[in-house]
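Which chain is which? They are A, B, C and D, in the order written, and residues in each are numbered from 1.
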């Protein structure tokens, strides 16, 4: 296991470096630089001065190594957009709202999705199944920004039950969390349905019935546990995945989160922030996959307590 | 022998496809999905014949934003274009994007997955590392970056969707082939002197049909959604070509009053995806003879 | 009042394109404490009838019956709760395949305790204590440890025993054992059967023993029900049925049990043997996890083995499960790369040839795999499967290939219209025959047949064996016949190689081996063969690995002509008879 | 305590210092400081920090007298030195708005100093004493006072202490204007301002707190928030106008923002190096139809680069921009493309942005696409580009046709004409045009000036330098709780809202 983990870490590190190079190159090959947005051109002299100030006058590979050298020391540079703070400070500040909303979304959506999926599987080919599957598909098909708008219109504008948007007060979190929850809910419902159906088809379920266990116990203990193991592997990556969903939800609900920075850092060529965000997400994904791997191994007795692989 | 338990079969030799077809037909949801999908495709193909107006001509500027009516089934958009015509033409783009991306995913994913799964070892290592690179970069961000690089457009969207779609297919196929590689029927074929390529083609890929279909079916909505998301972020297919994603995105601005501009394209997208997944599920069940009486 | 009362049972399955009748007009009764056997060919509805009794059939099944009572309860009318109470307590079931019968994510202890607690109000700890007692009862020595094991940590035999313990845990009035031993080798099989009999007597349970093995019936039950094609053919006390069968099917069944085959005629050719294995060995790298550590190891699946398969002969390879028979067979086919040693086909060493150079040999050598289920591509029709060898070697047009395949289908005793079917639509025996047809269609000279008859009922088995014999005569086929089934070995093969823990421990012409087994393992093996006559029921003793080791035969230098050695070695004690022994000075 | 919640511009801001960066400024940075002068709702120039100003005989030197008693919010006196320092730093620090002080201000030595060839002391700026500033220009700049509406002071004492970083953190930001800063949310550049206690200048705020929130700027988000009571006014997009009008018939406000959308070209690249092609485009646009249908309520036709109501606006010139398909076709035929035959496929680039331009440009581009197809037989593709890339394309002449928006910076015709002067924004070098503009800019007689500008515009028309398209109009809904002169329409019927922030936010009250 340790060897396995070390091997995984090495391969993840390799991936990480490859991704960082690709992103760096792509980022710099996009035309226009951070000082090109102005309505009237700044003079060449001014431009050169500013480029030098940010170290953008050096050859690309030097810039890359400088940056990655900084990253090794946890120095991700200073965002062009907000030079008063470091990228790390910026991200740790802006990430809080995103994490609260996205996290609650997944934490609420996933269990609901599992229940929905179970309901569908246990009532296979009945209206419950069709309804659940349709809901799940719709959840995955209707773009988040449409859902957001709909929720705002219904609950804030027409019914006037909830505030339309905004940040600090927790009652403003309800709608965006609902939007965030839609995707994990739908995804989990789909996964669970097929995992439960698979499990129900396995012979040991018949054995459990033959032993005289109640159907409830069979479903909620045995089937659930067996189906849950493969689901573990999608949980963390999905959690990270909400980070990019925040682009839409946060824009629609005026949440001062990380979402806007994904877009703005690309738009205004904020190289340091752009790189840091990409690396952050990449890193989180790597970590998520690694942890899911380990969690899977821990939950699955076949791997945990050895024996045939 | 076991005639008593033999299913009622005619003595005629039927092809496996005939049975698959029969299995498919007995799945109502799949048939409905297939029919809807078929209609959508036909609508897209014969768009010029079934739309009363040119989707790009701003012929009804004075009626801009008009609600659905007998003359304009889905109303008129803000630029005075018949919205029904635009939705139908939009199917062309959205379906093409969806299917091309899915096709690419499958065309790239199957061989790579098969190679990785069958040969393992170094081949597998390399392919897995490539996959890892793709799975740790969120498609949307990569799309934004690539969009900025290539200035968006049709090709870019298909390219990006395919770029991230094949990973799914590849992983599914790889897992399946890895599982089947050790099966004795593969050994049996080896014992008969079959080449690896023959085994992959004749045994492993047909046995992976279900993950392939799943991958294909999942790639379609993914591409269409990507198109919608990218439109929202301004990296979509350039106008005036109608695409559902672009229409949804524009429709949002009008949702307060001119609801039709958001509702119809969203519904079109949802119906397409729903139909595709129903059809795909049915197809998978039909093509897999082992799923018998379910 | 009888415990089980089945009257006019009819089960059909809904399928695409119509209904399939699995069981018709089945009626029988079981009283308390009685043991009843159900025999019949594979697919005759044995399992379905019993599953119907417990309402364990899938939703696609339609069950009708005039009476279907278990322990006085009308099963057809019972609701979910009644059923849950009935199952386990009135009747418990031991399933055919123990490997898939346990939930892989819970410990054995949990699963047994859970069963106990489902039926009785006891605490968790007491339930576990009881589970441990039960495990001890079924002769699992380290019961306390096994409680904490997960299913995959146990061997098939142990799982089968744990399964029995689990079935016993609710103290059922009736125990249904559905082919509890098909997956096990003879020695274990004998142990399990004996165990079932013992606990049945101890608990005073009724027993339904489902099997297609008449020997098992003869050994275990009082009354027998013979099924064929979904219907009951005959029913009666076991001695009556065995001695005076009335029904034709029963007659053929019993006849096949007593049939004898002639050994191959003629002296073996003096030319090079068809297949010769010289010192082949196979070791696997193993990685075991213990906690978070991985322990690397070497596992000697096959230690240096020499086997000679003369032309036109049938050589049996027998031995306990896991002794390396399959591995040896696969190495002979070069489907598993040997770690050491040479493989000679007609005198040519093929152990170093590359895949291209192997192709001509592949046409001449074929293999029938042990597990017929996974040996057939589930996506292909039988016609396609059987024609595949022709397809690969490009023999004939597609039409001819199909035609030939269909002919072979008939030759192995399956109707031609099966050509359209898929593997999963067949019974185990039918699948095995398809696998044999595929192996034989190229008319090879060497055949490695790995348990080709394990899933066959006696009638079909006889047919297959006749076919093999006939081909041997016609084509000069040489067969390496790997089997657990010693009665078949006895009647079919010319010589026998006995393997034990990766080594050859004895080798002799068939008759001589059965008459004068030398090695203690060989003896144990022969002793475990079930009786073919209910009157020959007896108690058996079983040797542990240590006991076998302790009883390794000893010979002197003079008797064998080999150098003395403290370690066991293979010595020749008679022409063609070699045995592993310690040579003393 | 009255708090007003208002939408505002850009969601990204770096420094809360207008004189450090304009394009990346923190929200409300202009409200924090007092300019030399500013405009009221009728666009009358009103002295703010300055009490009065005079122009020298030769027209080259201006003297501004500051109001006595102005202080920074930390108590330090606000002096002429702070104003002079603001521009000196701008000229040397790579200010992204530096071009303004060259082409609008025409300050002596500006170009040389920004390019690093001359010392900052050579700039034509001088703090004569604490309340007197002298500005010397290269040529006479009769409109210089209105240019100073964007001249804010920088707290020299703070910069000496903290460098430019003084404007990064709420704790160190000092203000000289009617508002002080309370908090600044950098993720979305929203700020909370409070009424300043130390401010002694004109126009003291009537409200206590002002929340400026750029996330409310997009009408899709702003209107729901407004309807839910979270904002005091919101801009509207076309789709929302009917709802808002129905619900708040008295709350609808319009504003002509003194901005113009126009087509510009790379004059050196085919096919637009041919004046006939450019003129064909000029006549092929049906501005009336465009603004009465597609851009209903959010734009009015533009016949000139100058918007109506803007100083120097010439209705006769504007009237030349008619929709004349026949003439357009003729011009195109003259260029060798009868009915568009042989005309290469061209791609028009526009800049992706929010605000009113975001609302009109995409729709307009598609309208033009259809129109050019129909009238000229030309296939025009559309491409939206992010700001830097669009600018990069424009400056680097990477494309040959653009839709460009421009909003005035100071209230004088020279502002608009300056963007085509001597290269300028588009890299246009038209000697005749530059000559007229140079003359007009320094002309002190207003009638003559306007005549010269009209001449320049005629030249633009004849040469087909641009195609003026529309002038955007913003439309907003204002809560009935918001009252005061600020929300009352001016004599032209327009309400400036945050466009004239200094006036608006100091002239509103809230019930």
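The rule is short, and it goes like this: contacts are C-beta pairs under 8 Å (C-beta built on N, C-alpha and C of every residue); 3 or more make two chains touch, one makes a residue touch a chain.
This one's a predicted model, so the numbers in the text were calculated from it and none came from an experiment.
Asks: Between B-D and B-C, name the chain pair that shares the greater number of C-beta pairs in contact.
Replies: Of B-D and B-C, more C-beta pairs in contact link B-C.
Asks: Could you give the separation in Å between the centres of chain B and chain D, each centre being the mean of its C-alpha atoms?
Replies: The separation of the two C-alpha centroids amounts to 47 Å.
Asks: Measuring from the mean C-alpha position of chain B to the mean C-alpha position of chain C, what distance in angstrom results?
Replies: Taking the mean C-alpha position of each chain, the two centres sit 46 Å apart.
Asks: Between chain C and chain D, what distance separates the C-alpha centroids? Give it in angstrom.
Replies: Computed value for the inter-centroid distance: 88 Å.
Asks: In whole angstrom, how far does the Cα centroid of chain A sit from the Cα centroid of chain C?
Replies: 51
Asks: Specify, in ascending order, the residues of chain C that touch 2 or more different other chains.
Replies: There are none in chain C.
Asks: Any chance you could list the residues of chain B touching two or more other chains?
Replies: 148, 252, 255-256
Asks: At least two other chains touched by the same residue of chain D: list those residues.
Replies: In chain D, the residues touching two or more other chains are 220, 352, 386, 389.
Asks: Report the complete set of touching chain pairs.
Replies: Once each pair is checked, the touching ones are A-B, A-C, A-D, B-C, B-D.
Asks: For chain B, which residues are in contact with chain A within the complex?
Replies: Touch list, chain B to chain A: 29, 128-129, 132-133, 135-138, 140-141, 144-146, 148-149, 221, 225, 228-229, 232-233, 245, 248-249, 252, 255-256, 262, 266, 269-270, 273-274, 277.
Asks: Spell out the residues on chain D that touch chain B in their complex, using ranges where they run on.
Replies: For this pair, the touching residues of chain D are 219-220, 223, 237-240, 242-243, 289, 293-294, 296, 352, 362-363, 365-367, 369-371, 374, 381-386, 389.
Asks: Under the definition above, what is the set of chain B residues touching chain C in their complex?
Replies: Interface residues on chain B, with respect to chain C: 1-9, 11, 13-14, 16, 19, 22-23, 26, 183-185, 187-195, 198, 202-203, 206-207, 209, 288-290, 292-294.
Asks: Can you list the chain A residues touching chain B in their complex?
Replies: The touching residues are 11-12, 14-16, 18-19, 22-23, 26-27, 29-30, 130, 134, 137-138, 140-143, 145-146, 149-150, 153, 157, 237, 241, 243-244, 247-248, 262-263, 266-267, 277-278, 281-282, 285-286, 289.
Asks: Going by the contact rule at the top, pick out the chain C residues touching chain B in the complex.
Replies: Where chain C meets chain B, its residues are 13-18, 20-22, 24, 41, 43-45, 58, 60, 229-231, 330, 333, 335, 355, 358-359, 362-363, 365-367, 369-371, 374-381, 383, 388-389, 392-393, 413-415, 417, 419-420, 422, 424-425, 427, 430, 435, 438, 442.
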